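As structure tokens, the structure follows; a few thoughts come after it.
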Amino acid sequence: MTETLIKVDLSQSPYENDMIHNRWHPDVPMVATVKPGDDFILQTYDWTGGFIKNDESAADVRDIDLTTVHFLSGPIAVEGAEPGDLLVVDILDIGTLPGNEWGFNGFFSKNNGGGFLTDYFPQAQKSIWDIKGMFTSSRHIPGVRFAGLVHPGLIGCLPDPSLLATWNKREVDFIATNPTRIPPLANAPFPGTAHMGRLKGEARDAAAATGARTVPPREHGGNCDIKDLSRGARVYFPVYVKGAGLSVGDLHFSQGDGEITFCGAIEMPGWIHLGIHSLIKGGVAKYGIKNPIFKPSPIKPDYNDFLIFEGISVDDQGGQHYLDVFVAYQQACLNAINYLKKFGYSGAQAYAILGTAPVHGHISGVVDIPNACATLYLPTEIFDFDINPSADGPVPRDMAGSDVLLAPDL
Amino acid sequence: MTETLIKVDLSQSPYENDMIHNRWHPDVPMVATVKPGDDFILQTYDWTGGFIKNDESAADVRDIDLTTVHFLSGPIAVEGAEPGDLLVVDILDIGTLPGNEWGFNGFFSKNNGGGFLTDYFPQAQKSIWDIKGMFTSSRHIPGVRFAGLVHPGLIGCLPDPSLLATWNKREVDFIATNPTRIPPLANAPFPGTAHMGRLKGEARDAAAATGARTVPPREHGGNCDIKDLSRGARVYFPVYVKGAGLSVGDLHFSQGDGEITFCGAIEMPGWIHLGIHSLIKGGVAKYGIKNPIFKPSPIKPDYNDFLIFEGISVDDQGGQHYLDVFVAYQQACLNAINYLKKFGYSGAQAYAILGTAPVHGHISGVVDIPNACATLYLPTEIFDFDINPSADGPVPRDMAGSDVLLAPDL
Amino acid sequence: MTETLIKVDLSQSPYENDMIHNRWHPDVPMVATVKPGDDFILQTYDWTGGFIKNDESAADVRDIDLTTVHFLSGPIAVEGAEPGDLLVVDILDIGTLPGNEWGFNGFFSKNNGGGFLTDYFPQAQKSIWDIKGMFTSSRHIPGVRFAGLVHPGLIGCLPDPSLLATWNKREVDFIATNPTRIPPLANAPFPGTAHMGRLKGEARDAAAATGARTVPPREHGGNCDIKDLSRGARVYFPVYVKGAGLSVGDLHFSQGDGEITFCGAIEMPGWIHLGIHSLIKGGVAKYGIKNPIFKPSPIKPDYNDFLIFEGISVDDQGGQHYLDVFVAYQQACLNAINYLKKFGYSGAQAYAILGTAPVHGHISGVVDIPNACATLYLPTEIFDFDINPSADGPVPRDMAGSDVLLAPDL
Amino acid sequence: MTETLIKVDLSQSPYENDMIHNRWHPDVPMVATVKPGDDFILQTYDWTGGFIKNDESAADVRDIDLTTVHFLSGPIAVEGAEPGDLLVVDILDIGTLPGNEWGFNGFFSKNNGGGFLTDYFPQAQKSIWDIKGMFTSSRHIPGVRFAGLVHPGLIGCLPDPSLLATWNKREVDFIATNPTRIPPLANAPFPGTAHMGRLKGEARDAAAATGARTVPPREHGGNCDIKDLSRGARVYFPVYVKGAGLSVGDLHFSQGDGEITFCGAIEMPGWIHLGIHSLIKGGVAKYGIKNPIFKPSPIKPDYNDFLIFEGISVDDQGGQHYLDVFVAYQQACLNAINYLKKFGYSGAQAYAILGTAPVHGHISGVVDIPNACATLYLPTEIFDFDINPSADGPVPRDMAGSDVLLAPDL
């Protein structure tokens, strides 16, 4: 029986669990050691450490202190791993914790984090998704049910001091270019809410002062939020410190490309079963690796009938943006939202569907000046009614007064 | 036997064929009329009108006058089509013209158009791809062969005067923000090389003066370069003028997401077999449509084993960009290129592979400030050797002195 | 948290668990009642009730008393279900029991059950498959690993007395046509080892005397061993008795089409999470249903690179069989076995791979007299080496002295 | 431009074209010679040589002389091919001949060939399928349209004298076991209608006397009617004679597994583009090959939503058959036909759909005595209405008086 190396008690604060940490720093102590060939299970908190509840209010989404995230399980040391190696990791499976078969999705208030479409959905909103076996559906969004593309939003190895310094300088300098922006340009180290795992006392304080925030994806992987880096995938991680120090968290039951709702995918605590396939000694140089690479899972939802929405880099005020894929994807998403509203969904419901379902976002054209073209692939089979266009036009469905929960700014 | 409504003679200049045009304007005369339910064939030039040759020099790629593109076949009038309708079009098939079973791919010189990675590949380069049935390979890039994801790079309906005016104002104003930029921010109307189809004399000159260039994708579709809008797809086009006026060109035998090489995909002349499925009267309003939407083809290459490369919005000089998917995808592409170079490919060969093969580019994360995350899915089955990482490291292959053709700037 | 309606204790004989039964009979008492819309979990024994062990001997496969199988969990009553309805059941998920992350595959001795290729593999053999998350591999068969296509081998509703009588007459009459055949033509009721669930005393004995054996698939579904009726599928079962009486067992972690090894797939105890989607009242008549129909899972292994072997209905002695798909598929399997032996596998190892991996068996031609044509699709990606043909010929691999365990007849 | 080595004139009898033959014999002269690495095009008649017409009568299906089939194009000699080699052939593409964009499907009269369900459909029937690009539909069967899985029904290399003698003895002896059966058990050599290609005079007569009929699939491949051996596939053929002698014909635009309607798939004349990839010298022994093996196409219809019908080896008279996959598949087909009839189709229309659409037939269980289990996978996306079961039951569609054409026996 596979050993569970890290356990979490959801009734306990993650700050009380010393096998959890919420900053990246080379000094975070390893909490367990494994060998190539081993497989093991890590339990994780949801990324907020249990702050968001399965209830009928979005106040928690509005009020969350985002300096606390993400609570990660680890780091795990791998015998023999040295800087410059590639650590080959199999994601063998992921599941829910007993009694916690649900996840949340939300949009942050523009005043507290925002999101991809925060100008259109500026207030905190939340939907709850029930997980029944391999499927999920939400009491807040009728008519949609899909199989989970279960994945860790955040996984990677500890940085070494040099890499950490690069990150901090890069991001702090960047913040300095517009320090009062809301939402901010980036997140600087913030010792107050740092959880440095087993590091205590002065060592903890020193590391917390420079511990990199976990929000962005970086060279080591980290918070990539790549939906297809899912259970069944094999990942090749660059190693920076002796023992590698693999940490993971932010499990998602499902997510659309972009994680556009930011809070986030279908977020859940759970367990992840990992296998250390092997080490490729010196693999970083051998293969010219900067960021992790991976092979997709052979077992994942195979929806293949889509309705595809185009977007170009002209914003909805008519503003022209030069080959801007971000704007183009926003427009594709807004086009899909407008379409779904014709079937009776609220805009927020439609936005939540795009954030949670296995929607593909493709970079379709990035050279045809001045417009980038992005495309959003909406799987039609996740709806229990026909969403294809027809000569008769859409028949608005009775959504039974349902909606995504709203918590207005105070 | 299906009627061929437009024929092209590749030995003739496209300017001499009055069923061809290279600007968008409501006054371009319809060249044929069809009814809902009809199917028909249109032959097309390649997008350059035959300027690029199947030879061993990239001088043509360097020297092309980009004001001449794209040569489109049409417009075709559809009986009963009125502004505000959705025109439902089936792309029934696409093929090569007899004796022209080849296509080209290239990168423009930074001084003449550039491309997605023009800072890394600033000079004109070209590769030729032979088409054998459903497959293609290039004498300039050994070891790679794939099935074609054949599609029109450019398809859409004529704009009405209002939409045209919006485009011109938007883009001309945009150019004015940095008029001397190389490559330019956008392309303004340019009467000199305009081909207005059957429009002659003063009417031609008047229309040419404001005819929108065909380069960018816009509200009507146009030069979307979406690889999955392929033969077998069903497309719902907004109609702006009476009769719709459907035009098409820029056929691609295959292309990776982004059409990153710009010149372009695997470009070819050919024929396209279209069917007018139906009109959805008033469909634009009924479904809240701004840009075309489409359903993918049930028959397309189904490669599903990939090596996936991540990129984040930190450029290779360490510069930080805010949630910039363009930069993130550049980095993912450069990561893939560096990887392929370890197997013996030149950088230009690797770049050409990413531009031509059915590579997926996903917008993976767009909310984790400050870094966007983009992913590039490289199909492994297109190589005749194993490109997966292994403990032994890559064995550089003998590429037999091959390379993508280079034409230095003069 | 989903309720587990039936629990099993693997250290206890299934005969001591009154929520288990091993015969089909309308009088087997319901052990729990659910409503449309409910979901619930049932734990199950492996089909042999724990007789086969995770050890290094195949004696258990040789010595098993096949009158004891299959141990099913149920029957479950569904409120409102009446004869003639269709019971719509979602297979929401399936998993292993903690501490039992393994399964077995074997071939029965020709003297005790035999199998599809019993004339070629006449002795009892066994391999053990370790389950690590979504994947499995065997210490007895190196070089192969695959994702599980997890499914119940046996699921269906209780027959009514009339259907039961039809089964018994049909099969007993059939046995009478050759009563001494080894292996037998069919299995008659056998009261001695019957487990009739909660039925006790005379009622138990009466029902045991006519309780249908669980071996064959029949009109109600039953032991169909259809690999694609997997977790994620939706099944429409004919209802014969008030309350339906759904029973399930014989969980398989994976299986090739045909379950050719008979003992069987990768057999395991476990749990199955079921949802009662709905009842279609009178659905049997409305849709002209005789056997269950189902929709496949949206999430299952998606191996799509295959090596395909043909077989025709000429046996390997040159004997001609008229459009006999059974013989044709035997030949396709033997062709695949012979092929795999060239890479170093023993015949038994190759046979076990075909019985366990997600191999497709297609009925390719059944009209071209006198030969049927069957095809076997062997996924190439399950091997950790390249099994495709090449100019150099196969390089036999070092299988490290491994083999499928053998227990000669006594 | 790829050379067309064999041309056909559909207005001419195939007997007048000496690059056509309709019997297998080592003495049929090669009509062209190619080298490994070459690609070339062969035009072919439909399998009946043009006997079946695009009209509104099935009399031709009823009256056809089946001793004339199949008209094959070839044989093509491959330089360097010797007995015992594997000839590696790429099917690069397949298409229709200009002006012949249609195919036929039919059921033979039980008195003239019959078919898989001849006891249920004993009379000659015919439907015509229009081919529009990559899609087909039939004026005789409304509501269904699908992409073509285009393939050669018949392809293989010439037998040597020994293999030919084996075939003839095997089949003639088999016929002798029941020589008066209707339809017959097999087809003996029949010189009268033999077309031996360029062989003339006494040599022709001698070869015609023993030329094997082309109906069954055999060791060399031949009339396998495997739908997935489609354009894009790579095939490894055993070579028996110097030069190999590859012949091909019986092109199908689409077919369901089993080719259950026998006359046949969607049958058409056309062209096939082949590439000789290479020879594997001595490959038959190296890989233990008896029948051809192949790799599937990377580009084929990817319908993946199915309604799956089970069948067991109990016939519809209640007769018990021992592990008989033929009977089980018949029952699965009948179950699907009965289901489709509830939507308004005639039985013949439903039968024709199963014979032509890309339906999968799987051998699901072949060990659970006494019943085999076969499954038929009906793609739901080929219908322009929803064929899934629902609580409301099926709504019969207006099929507008259409039906498959019937020609009663005279």
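In order of appearance the chains are A, B, C and D, and numbering begins at 1 in each one.
We adopt the following convention: contacts are C-beta pairs under 8 Å (C-beta built on N, C-alpha and C of every residue); 3 or more make two chains touch, one makes a residue touch a chain.
All figures in this text were calculated on a predicted structure; none of them were measured in a lab.
Distance between Cα centroids is largest for the pairing of chain A with D. Between the interfaces A-D and B-D, more contacting C-beta pairs are found at B-D.
Look at the contact of chain C with chain D and you find the same residues on each copy: over half of the numbers used there are shared.
For the pair chain B and chain D, the distance between C-alpha centroids works out to 39 Å. Chain centres here are Cα means. That of chain A falls 50 Å from that of chain D.
For the pair chain C and chain D, the distance between C-alpha centroids works out to 32 Å. Residue numbers of chain B whose C-beta contacts span two or more other chains: 302, 304-305, 381. Note for the complex: chain C touches chain B at residues 302, 304-305, 381, 386. Per the touch definition, chain C reaches chain A in the complex via residues 1-2, 39, 90-93, 98-99, 101, 132-135, 146-148, 231-232, 273, 275, 297-303, 381.
Chain contact summary for the complex, chain A toward chain B: residues 86, 88, 115-116, 166, 170-171, 173-174, 183-187, 215-219, 221, 223-229, 236, 257-262, 264, 278, 280-283, 286-296, 304-312, 314, 318, 320, 322-326, 329, 331-332, 335, 338-339, 341-342, 360-375, 377, 388-391, 393-394.
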